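Shared between the two complexes below is chain A, which pairs with chain B and chain C, respectively.
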Partner chain A sequence: MFGYFIRRVLAIIPVLVVVAFVTFAMMKATKGGPFDANEKLSATTLKALNAKFGLNKPVWINTEGFSEAKAESSNPLHWVRGFLDSQFGNFAINALKGDFGPTYQSRGSETVQEVIARRFPVSLRLGLMATIFALIVGIPLGIMSALRQNTFLDYLSLVISTIGISVPSFVVGVLVVLLLSRVLNIKPIQPPEAWNGFGRAYIVPGIVLGLGTMAYVTRLTRSSMLEVKRQDYVRTAQAKGIASMVIIGRHMLRNALIPVVTILGPALANLITGSFIIESIFRVNGLGQEFVTAIQVRDYAMIMGTTLFFAALIALANVLVDLTYGFLDPRIRAKK
Partner chain B sequence: MTTTSSTKVVPSDDELELLSRPPRSLWGDAWRRLRRNKLAMISLIYLIILVFVAIFAGPISPQSPGRPTGMELRERGTFRQAAWITDADPRRTGDWRFVLGTDSAGGDIFSRLIYGTRVSLIVGFIPMILTLLIGVIVGLISGFAGGWVDDLLMRFTDVVFALPGLLFFIIMQTAFGATALGKAFNGLLLLFITLSIVSWASVARLVRGQVLSLKEKEFVEAARAVGVSRTAILIKHILPNTLGPIIVAGAFIVPNAIISEAVLSYLGIGITPDLSPNAPFPTSWGNMILLGQGAINSQPWALAGPAIALASITIAFVALGDGLRDALDPREQ
Partner chain C sequence: MAEAPLLDVRDLEVQFKTQDGIVQAVNKVNFSVNRGETLGIVGESGSGKSVTSLAVMRLIPSPPGKIAGGQIIFDGEDLVDFSESEMRKIRGNRIAMIFQDPMTSLNPVLRIGRQMTEALQLHLNMTPKQARNRAIELLGMVGIPSPDKRLDDYPHQFSGGMRQRVMIAMGLSCNPELLIADEPTTALDVTIQAQILELMNRLKNETGTAVIFITHDLGVVAGMADRVIVMYAGRVVEHASTHELYNNPRMPYTMGLLDSIPRLDEGKGERLTPIRGLPPDLLNLKDACPFAPRCDFVQDVCHTQRPPLRSVGTNHQAACLFDITYEERQTAAARKAAEEQAALEQTLETAIAEEAR
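Let's look at the complex of A and B:
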């Protein structure tokens, strides 16, 4: 189990390296610097800004030291030093330390990690709201439709889960905003202050964000409950005269929920990435919205920092789920 | 067994009919099962209609999808309401020439929706084909070759598989949106590449798994025994047997690609709207949602129209995918 744990955690590293490398390479492939679009800056200001952010250095290998000692340029250490002093080298080293540098939007007065620290709690609360909704609605709905198979309730939950799975939260969000503002006359967009603390403001966007996961959880719970229902140990328990609530809770659910746990990883990833869109639609003051703004103004530092942060978060969520899975099901532990 | 049958067994009429029926192929069986699935069939018909709508968008749409010129130019800046709504302002009162009203620039919402079908379908299908192509090739090679080739390809696939899709799409689109590649065909070319770059990994895994189990099967051994070449075994014997799961995977890739395009266009980094009057791809539903959001109070159909269109196309694709999965792999039921 421990070896398995170590292997799973180490597997995150290549993913993050690729994400960092590719993100950086792509950002550098774009024409023009981050300060081009803003306004007309004088050449000297631009130069000073570029120097401040280290943008005057070569992108991959800094050959500055090479020309002075040409004979030594075959020395591999030179290349390493050149790499470490390049834009990418600096970015990678600082990122390892958790420092993504100042954002371009703030002209250096705020760092990317400060923005993440300020905005991420809002996104986290939204994701938490969505997860809670998905689980406390999805699991009971799945259990009920499995226990009352082929009844009206079952069909209803099937319809809800089919719609929830196929219609993306993005479209649901748009339709809910329309419905609330046009038909029910409720203001769907909350003021920025509403997002401080875990308040009522989170309910609607949280439900919209969690709808897809809820649908998936319902389907999975239903199908695995149906499978468990036919198992011998359930029949034995029934034959022994154990109360049906106890059978459901102790014997069936414990086994039926294992597949549900496995989808929590991808679901969490969906909740995290889905939050960009939901946050933009409902004007939630979180990291997702900040990321979208960064894209629009091409704030490279912010884009790269947030991408790495999100990627690490998703990778970590997946590992966590793998571990829980191994913990819940002894058969998997034995195999590894 | 029948070897020592002294008593003559007379088959009943039912059995006779059963025997005289021509043998059904695997695909015939699958089609029969699919046909019995009402939801999947309704979805299939709806999607076929959408394909026709996309192809004949020009003759079907009541108005030009572009911006009005000349006489109607004065209507710019006012949203015309949907046809059944009367407004105090005569310029905003509904008109049956503009069924769902107009957007802020006077473009007819309904016609733009019709043209948007083109983008959604093409952005669903072409990345699906590219994704399947890459995934199948990698999966076939990896599963069949084994050894270090398999290891190398699978480690690479694992890394790609772990990349967060939407995040990656956003980075791609932001980075290349302003380049020549990003501008080609209103940004469609870049979207095709972006949307196929991550999702092939799951197809590759799927195909590899299939190949690994298939290559141990007797029919492959038989083919090898009679001297069929490795390439021929792979293409003639193994590939056709992996088609079922590949088709099902493809059916689910399409709605994902459609949604990703809509999300990217909603963020303003997807398709570039084309304002010229004869543009084949003037706008996409995601783009219309982006524009419609500003008019939520004055012209709700600018937002509701594309949102409903997107919802219905994804429901149809997912229902068809579910139906295909049940039809092609009855063991799942």
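Let's look at the complex of A and C:
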């Protein structure tokens, strides 16, 4: 089991390498740069800034060292050295040391990892809030509609989950803000300090963020329960005279929740990393907002840092889910 | 028969609502099981034998199914009138059931021990410790080696035959008065089948449990049952002691079933005689013999009148309007074969004559 875990974690590394390459390439292919935003900078300032952030070097291979001697260009060692001294090479070396460099927006006063450390807990709490909401509402709703199939309750849950899946969160978010402020006279936007610590402020944006996942969990639980209900072992349990509530709790639920757990990892990672829209609507100062701003202003270091961080997070969530999966289903545990 | 039967099913009717109408899956079925006796229920798929057994357990999925009429008298009480919670005290405790497919009838995510002890704790009020010891004892009884270790295994760690042994142990765990075995050997290969049948026979004698043995295999039922009922299209079409049924079948359907069993003493290359045609659609059964379209002895009257189950000998009933015996069928079959042969030769001769000209 432990060996399996280690193998799965090591398998994340090549994924991150590919993500880094692709992101870096796309980022560099995008027009514009970090310093051509508002005020026109003088040529000397620009040159100094580029040198400070290493942007004066070639992107992939630094050919400076071996340009004069033609013969040397066939030496693979030079290519390696040239690669390591390029923009990407420098980034990769520092990233391996855990340093993603200073952010461009702060003009070098704050590093990427400092920003992540400051902003990520907020996104994490918001994502957790959304996931908890999706589970504690979605699973019971799904179970209920499966047990009362084709009744009013089932149709009601179908309507709720169809709305949850098809209405985008920015629509729901705006409507909720409108409802809170205009009808209920509650301040929908919390002050920045409200996001420190897991407080009440997270409830409303958490629910709005988790709505889609909640709907999906409901549908999945429902279909999974219906499937399990038809299984022979449920009939066996009935033939043993077990009470139906016990059959649901002991015999059906564990089987029915296996597919739900499968989507839980990606869903959790999605909610933690993909809360940008909700963060903007409710003025939550999380990492999602930071990430999108970084792309807009071509903050190269920040883009790379957050992308890799999110990628690692999603990969890790998947590994954890696979472990949980084995915990729920002994047949899978045996294969490892 | 001085003693009242343990189970007395009278005029049982089970219906299923479908989109196309009401399916009469079990139609006015009567049978009884005495204490310690084994009753075989034989029939092809869709004949209503499994539904009958589920009805006795009151486990017909509802909706769409329901018991539409009749009585199920178990030890003097009509189970049809029982509430769900009263039924739960019967199920697994006084009437237990073994299902067809041991691969899917055990819960894959629970240990065997947990699945065995839950009924013991529920019905016999055992402590977890007592229940575990009893489960070990039961597993040993059904021939599972090192039962104390196997108790902590999951179903996927058992083979099909072993799982059926677990199912049997589970069924017998609370010393039921009646055990319903719904095709317990169908999903197993032949050698394992023999082992399971032997085990069931032994346990039946040891415990004195009455058994309803449901199968589509007349060969299996021969070695197990004291009496046999044959079901067709939701009705009982023949009812006799096992010996009588095999030696003197009176319903052409039963004869057809007997003829379709492969025999060891048969000559090489001889073909099996299947029953031609398909079972009738249970949606719109007319007032006619349901077997008429497939019967070799069919007369006009068979299409207009439903034959009642009538006595044709001592403790022998059959649902056929005519007194057809097995010998007659054999000679009829021989005659038919001869006629076909003659017709074939005739056509050949004319063909040769044609050619010559």
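Methods note: the second predicted complex is superposed on the first by the 298 of 336 C-alpha atoms of A that agree within 3 Å, B and C clash if a C-alpha of one lies under 4 Å from a C-alpha of the other, contacts with A are read in each partner's own complex, and residues count from 1 in each chain.
Here is the rule we go by: a residue touches a chain if its C-beta (ideal position, glycine included) is under 8 Å from a C-beta of that chain, and two chains touch if they have at least 3 such contacts.
Quick caveat, the model's predicted, so the values are computed rather than measured.
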| item | value |
| --- | --- |
| Clash or fit, chain B versus chain C on superposed chain A | fit |
| Which of chain B and chain C A:117 touches, first, second, both or neither | neither |
| Partner chain in contact with A:132 - chain B first, chain C second, else both or neither | neither |
| Partner, of chain C and chain B, that touches more residues belonging to chain A | B |
| Contacts of A:156 with chain B and chain C, given as first, second, both or neither | neither |
| Partner chain(s) touched by A:22 [first = chain B, second = chain C, both, neither] | first |
| Angular separation of chain B and chain C about chain A, which is computed from CA centres of the superposed model and rounded to the nearest 10 ° | 70 |
| Which of chain B and chain C A:269 touches, first, second, both or neither | first |
| Partner chain(s) touched by A:255 [first = chain B, second = chain C, both, neither] | second |
| First, second, both or neither for A:238, with chain B first and chain C second | second |
| Partner chain(s) touched by A:295 [first = chain B, second = chain C, both, neither] | first |
| Distance of closest approach, chain C and chain B, by C-alpha atoms in Å | 6 |
| Chain B/chain C common contact set on chain A | none |
| Residues of chain B defined as touching chain A within the complex | 155, 158-159, 162-168, 170-172, 174-176, 178-179, 255, 259, 262-263, 266-269, 289, 293, 296-297, 300, 303-304, 307-308, 310-311, 314-315, 317-319 |
| Of chain A, residues touching chain C in the complex | 231-233, 235-243, 246, 250-251, 254-255, 328-331, 334 |
| Of all residues in chain C, those that touch chain A in their complex | 57, 59, 87-93, 96-97, 99, 101, 104-110, 118-119, 122-123, 154, 156-157, 167, 170 |
| For the chain A and chain B complex, residues of the former touching the latter | 11, 14-15, 18-19, 22-23, 26-27, 29-32, 162-163, 165-168, 170-172, 174-175, 177-178, 181-182, 269, 272-273, 276-277, 280-281, 292, 295-296, 298, 303, 307, 310-311, 314-315, 318 |
